[in-house]
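Next come the structures, one after another.
Two complexes follow with chain A in common, the first pairing it with chain B and the second with chain C.
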Partner chain A sequence: MNTSLVNRKETSKLYEKSIKLLGMNLADAKLSKAYMSVAFIALLIGGVLGLLQGLERAGLIQLPYWFNYYQVLTAHGILLVVVLTAFFTIGYFYAGLSHTLGGLLPQVRTMAWIGFWLKVVGLVIAVVPIIMNEATVMYTFYPPMAASPYFYIGLALIVVGIWLCAFGAFISVAKWRKAHPGQHIPIFAFFATGVFILLFFGSIGVTIEVFTLIAWSFGWKPTVNVLLSRTLFWSFGHTLVNIWYLTAVSAWYVVVPKIIGGRRFSDTLTRVVIILLVITNIPGGFHHQIVDPGMSQTLKFLHMFMSISIGFPSLMTAFAMFYVLEKTGRKLGGKGLLGWLKKLPWGDVRFLAPMIAMIAFIPAGAGGIAQTTNQLNQVVHNTLWVVGHFHLTVGTSVILTFFGISYWLIPYISKRRLTPRMNKVGVVQTIIWTLGMLFMSGSMHLVGLLGSPRRTSYTTYGENATALGWDPYLIFLAVGGTLLIIGVLIQVFAVFHMMFFAPKGTTEFPIAEPEVSEEKTPAWTDRWGLWIVIMLIVVSMGYVVPLVDLIVNAPPGSPPFKTW
Partner chain B sequence: MKQSKYGLALLLFLAIPIVAHLLESIMIMHMHMQMPLLVISGFLMAPFFQRQFPKFFASWNENGIPGILLFTVIMVYWMIPRTMDDALTELPVEVFKFISLPFLAGIPLRDSWRKISNNSQRVTFIVFTILFYIMGFLYIKVPVQLCNNYLLIDQITLGWGYLTLAICFTTYLVYIAFIDSPKPTEVD
Partner chain C sequence: MKMNRYEEIWLMLSGAMLVIFMVITGYQTFALGMGPPSNKETIDPEKVDETAPFDKPGVYQTGDHEYEVVMTLEVFNFNPGKIEIPAGSTVTFIMTSKDVVHGFQVVDTNLNAMVMPGHIQRATQKFSKPGEYLVLCNEYCGTGHQHMSTVITVK
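Take a look at the complex of A and B:
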């Protein structure tokens, strides 16, 4: 072994010791804290708006004309599906990059701060028109509904902010690789690379769309190609879904095994799952457009294949997770067929929340596969079923994992401890959230099957019997929403309490070790350039045919409409 | 050996009339799916032939250059719009496509790629990238039908297919040139 290698090993050992003693680098911690604060403030506001929406949708209240249902719906969507998730994801991965790569580089930190402020300013610019009822277009902002141009400008700034953070992450990983030749990218940083690649490439399409819409809503461009805009939107929309999912999965693979006292499942498999999710993802967006006219059945069929292929790495994940849980449970003394389940630390919120999230992903994933199918999608497409579906995937599988993460991440970045009392609060919060989602998402699924539409305020359609038959389910929806707002309040309290008031101390960033008899991870897994190129080829295969058709054979475009 | 069987199975699958007809019915699928798959089938079958005829490969393709040249010639031939038309209308040309792409492009590619130097690999890559850009612009810009069997919109679609692939290749070339040159020995 040469001296430089020995020196490097000693330096890294020294660094690990210093991290143990001192915890996270203060400047990096501040950055993550800023991101987390915005994320959970967005949760609070978005949650309150969600409650208002749920109560109006159930016919229990009527929102005033100056702050109507659709405005609330738009703000709820933007705050929760864009702001909460983006800020949480970036804060979480930047904390992890700092931890696993030995602190962020100063220029990367600067980039992340510029990105932070761009996103915050963008958010304010986007939200003001919503409050003024000038951008009541819902979070998908489908043309020909036209919002105020400032709404789109705000969104563009948010995207640029996200890109800065993505490039910051790429620089960090590239620098680390240069300094550590022959070593594999640490697994957490590997997840971060996958997520930021998806964030960057997935948002290119929507950025093009947003720029077109800016010109269109200012009146510089008289018309816009509606179907093309929707296609570009969903190339991003669906990728965003999988960015949340991949973020949650990172905690399932890396963090959960450590918390339950086990080891990670195969390092190679984990990396292959990430690579597959990155490669297959973007063209999956078409399954959101199954009922769109102007696309042939053959094309929709081909894209169904792309969507289903995303299910494959998810099934690999399910296998890996059950393996880890069972093995650890048995190591802890669990006997019999299911005895190991009892040995898992159910009283620890850091395990309970992601565990329920994983369980919820079983019906959520199955529902997703059902919806991807052309015929089944036509039954549920415009109904509350879809809303129920994404409250189960994003609202439960992803968000509960994020909540679970917050109970160690917030103390970690704040140099404080998770007290047994706060752990109990977390357990109660998780149970309330689960019940709330069971009621709300469950009743949405059921009433959706009965035909109750989504994106519509409460109406009985002139006392129509069928519409009246939806009412009992809608009451359950409101009950669920009420439980969820209690969950939101407890969660936000817990986050800020842990950030500022919990007892000082050190908290570990839990990263599980791979199994001892682990096979060597092949070097090709680290060749991200190759995976990006394959991803781009898959994207081309998915998009060239429909996009050329949509552009060359386009109908006359649509002028802007303000339908509200 | 398993690989060779998969290669043969792929070739036979692609030769099923209904499969061939489906893939040939859309211009971009004809050129960017059927033809590469035929090459891949040959690529997979190569080990069988390399084992059966080691002397042949050793004497005719010692340094890999003849093989890569043959591959290039065959690929360039099938990029000419006229040849696609011929394949659709003349059975012998169609048969030639099913023979030339696997056996005269796929197999030589596999046999040559590791024999040629890193620089030759890069040159091949760059040549194909430039070729793809040219073909892309050609198919997009030409205002008339280049193939009797396909519509103008199919042609434009294929042009964009070429262009996006060329962009992907360029991304890869930039990546290996500046960020991460592959070093096969570098495993921990």
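Take a look at the complex of A and C:
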């Protein structure tokens, strides 16, 4: 071994120690702060738009023609399911990579900044046509509805920005492994690796679609294959959902045990859950097309297996979480069958928010398994049930976890402290959010079962008696939406207060230790190259046959339409 | 890799539950013919009006208590707009879109299908109870999407 390598190792050790003493590297902190700021501004704007929609949907207000329901809905979707989640996920994982790998490499930091600006510029380019009513196509932008080409160009820039961040994370982990031979990738970085692999591979299909749509909307390509575009979109769409979910899960496994004073669940099984989620994920998107033409029932049945297998690692997580909670509660003195529950720190927002998020995932996950089941899907497809479902999964399980994270992550990256008062604000916010979602998601589920469709502004279908019967549920939807906007305002206030005004101090990045008695994690868990190959094999099993069929047996394509 | 005994039991039950879901769904799909609408015929989306059977949309009786509805969907209506059938009829809907993606949902039944340009969709339903069934488009299709509906009258 040459001396420079030894020196480099010494310096990196010294650096790691200084990080532990002084907190986060300032340049890395600035990066995460930028990402978090955009995420929560998106929450504020997207939240206000959500309220407007809820009120119009209940027939309480009528949005003006120059900013109509469908424009608002498109912007709400883009801001919350693309911007909020992507910026939060990247800001959170980059802060964690900096923390667990001993600071970001300068070139990785540069990549993340370029990625940041590409995404911000892409967002502006995509949003302007929405405001001008030139891209009222929803965040799913199904052709042959054709938005302004700039809408698609904006989306493409966002994707490229995300890819840069994914590669930055891969480089960070690879360099760390080279410098630490024989050691396992730290668990937090292991989660980050899984998330960024899914972000990159999961978005390849939609990128191909978006480039095709750019050419088509400019008129360089006269027609487009409608069903192929839709299939490519959903190969990404559902993966994206699971990326947020895996991000939330990382906090459940790694952060929550530390906050409640316990230890992590089995390190090996945690890694197995991540690997399974990465491998099984991408073909899951087919369940969005269960009632589509152009695909046989046999294919749809095979894909039901693909979708439902994603449920398995989630059921493993359910066990792991309750195991850790009960074990910790008993260690803290909880007695009897349920006494351990009382020992958990319910008054601590950093626990309360992710705990409610986990509880919400029980009905949310069950609903998901039900609706991915072909015949049951047919009952609820494109009804408000589905909207209720993803406001419970994404809007509650994922977002409440993100909110819970913000109460230690924002102070951590800002070198400030969470005060007992701000903790109380957080507890109140969590309760308001939970109630709001109970009302909104609950009424959406119920009225969806009765048949009320999603993505439809207020209508009685010409005073149709059946449709009029849905109105009381829609009022509850609006009540929920009103509570949620209060929650949004408190949360955005809390984030920016903690970032700029909270008392200075140090906050820990909470990463729980593994159990003492644990056996050594096997080395094969770190073989990401192998997991990627298996993932690609599973993706091929799911997609090669239908995609070839959709291309070879395609009907004549569709020209662009602007129907709004 | 050592697993907690309770976790093994939990995962066996979880796995069994997922398998049962698959078995029931498969049985319903392939033995009882309850599978989701999945027709694979295609059509030129720009020549729908000239292509049989869509050159003559309408309600056709094909047998005793058996009907076929040939339907085109376009912004923002269903054609034929008026459908009347006797109670106890089994109706097969044959549909395609003349423009963008539409949805075909009949409230209070399990009829729910995507209708896309270039593809011919089929769905069959038995209407036992008399009444007025609301038909609506459940895929956003433009400014007038919320008005895209009709009624099936079962007498």
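List of remarks:
Operating definition for what follows: the second predicted complex is superposed on the first by the 546 of 564 C-alpha atoms of A that agree within 3 Å, B and C clash if a C-alpha of one lies under 4 Å from a C-alpha of the other, contacts with A are read in each partner's own complex, and residues count from 1 in each chain.
Operating definition for what follows: a contact is a pair of C-beta atoms (placed from the backbone, for glycine too) under 8 Å apart; a residue touches a chain by one contact, two chains touch by 3 or more.
Because the structure is a prediction, the values reported are computed rather than measured.
Under the clash rule set out above, the superposition-derived model of chain A with chain B and chain C shows the two partners fitting side by side. In the superposition on chain A, A:Ile475 makes contact with neither chain B nor chain C.
Look at A:Gln183: by the touch rule set out above, it reaches chain B but stays clear of chain C. In the superposition on chain A, A:Thr466 makes contact with chain C only, not with chain B. When the two structures are aligned on the shared chain, A:Ile431 is found in touch with neither chain B nor chain C.
By the document's definition of touching, of the two partners only chain B reaches A:Ile537; chain C does not. Of the two partner chains, chain B is the only one that A:Ala174 touches; chain C does not reach it. In the superposed model, A:Gly529 makes contact with chain B only, not with chain C. Between the C-alpha centres of chain B and chain C, as viewed from that of chain A, the superposed structures give an angle of 70°, to the nearest 10.
When the two complexes are superposed, the chain touching more residues of chain A, out of chain B and chain C, is C. In the superposed pair of complexes, A:Leu332 makes contact with neither chain B nor chain C. When the shared chain is aligned, chain B and chain C each come close enough to touch A:Asn553. Closest CA pair between chain B and chain C after superposition: 13 Å apart. Within chain A, the residues touching chain B in one complex and chain C in the other are 522, 553.
Considering their complex, residues 26, 28, 32, 153, 156-157, 160-161, 164-165, 167-169, 171-172, 175-176, 179-180, 182, 184, 186-188 of chain B touch chain A. Across the complex, chain B is touched by residues 174, 177, 181-184, 520, 522-523, 527-530, 532-533, 536-537, 540-541, 544-545, 547-549, 552-553 of chain A. Contacts from chain A toward chain C in the complex involve residues 68, 70, 138, 142, 144-145, 225-227, 230, 268-269, 272, 289-297, 299-301, 304-305, 308-309, 311-312, 315-316, 319-320, 323, 369, 373-375, 377-379, 381-383, 450-451, 453-459, 461-462, 464-467, 519, 522, 553-559, 561, 563-564.
Chain C makes touch with chain A in their complex at residues 1-4, 6-7, 10-11, 14-15, 18, 21-22, 25-26, 28-30, 34-40, 42-46, 75, 99-101, 103, 105, 107-108, 110, 112-121, 132, 134, 136-143, 145-147, 149, 151.
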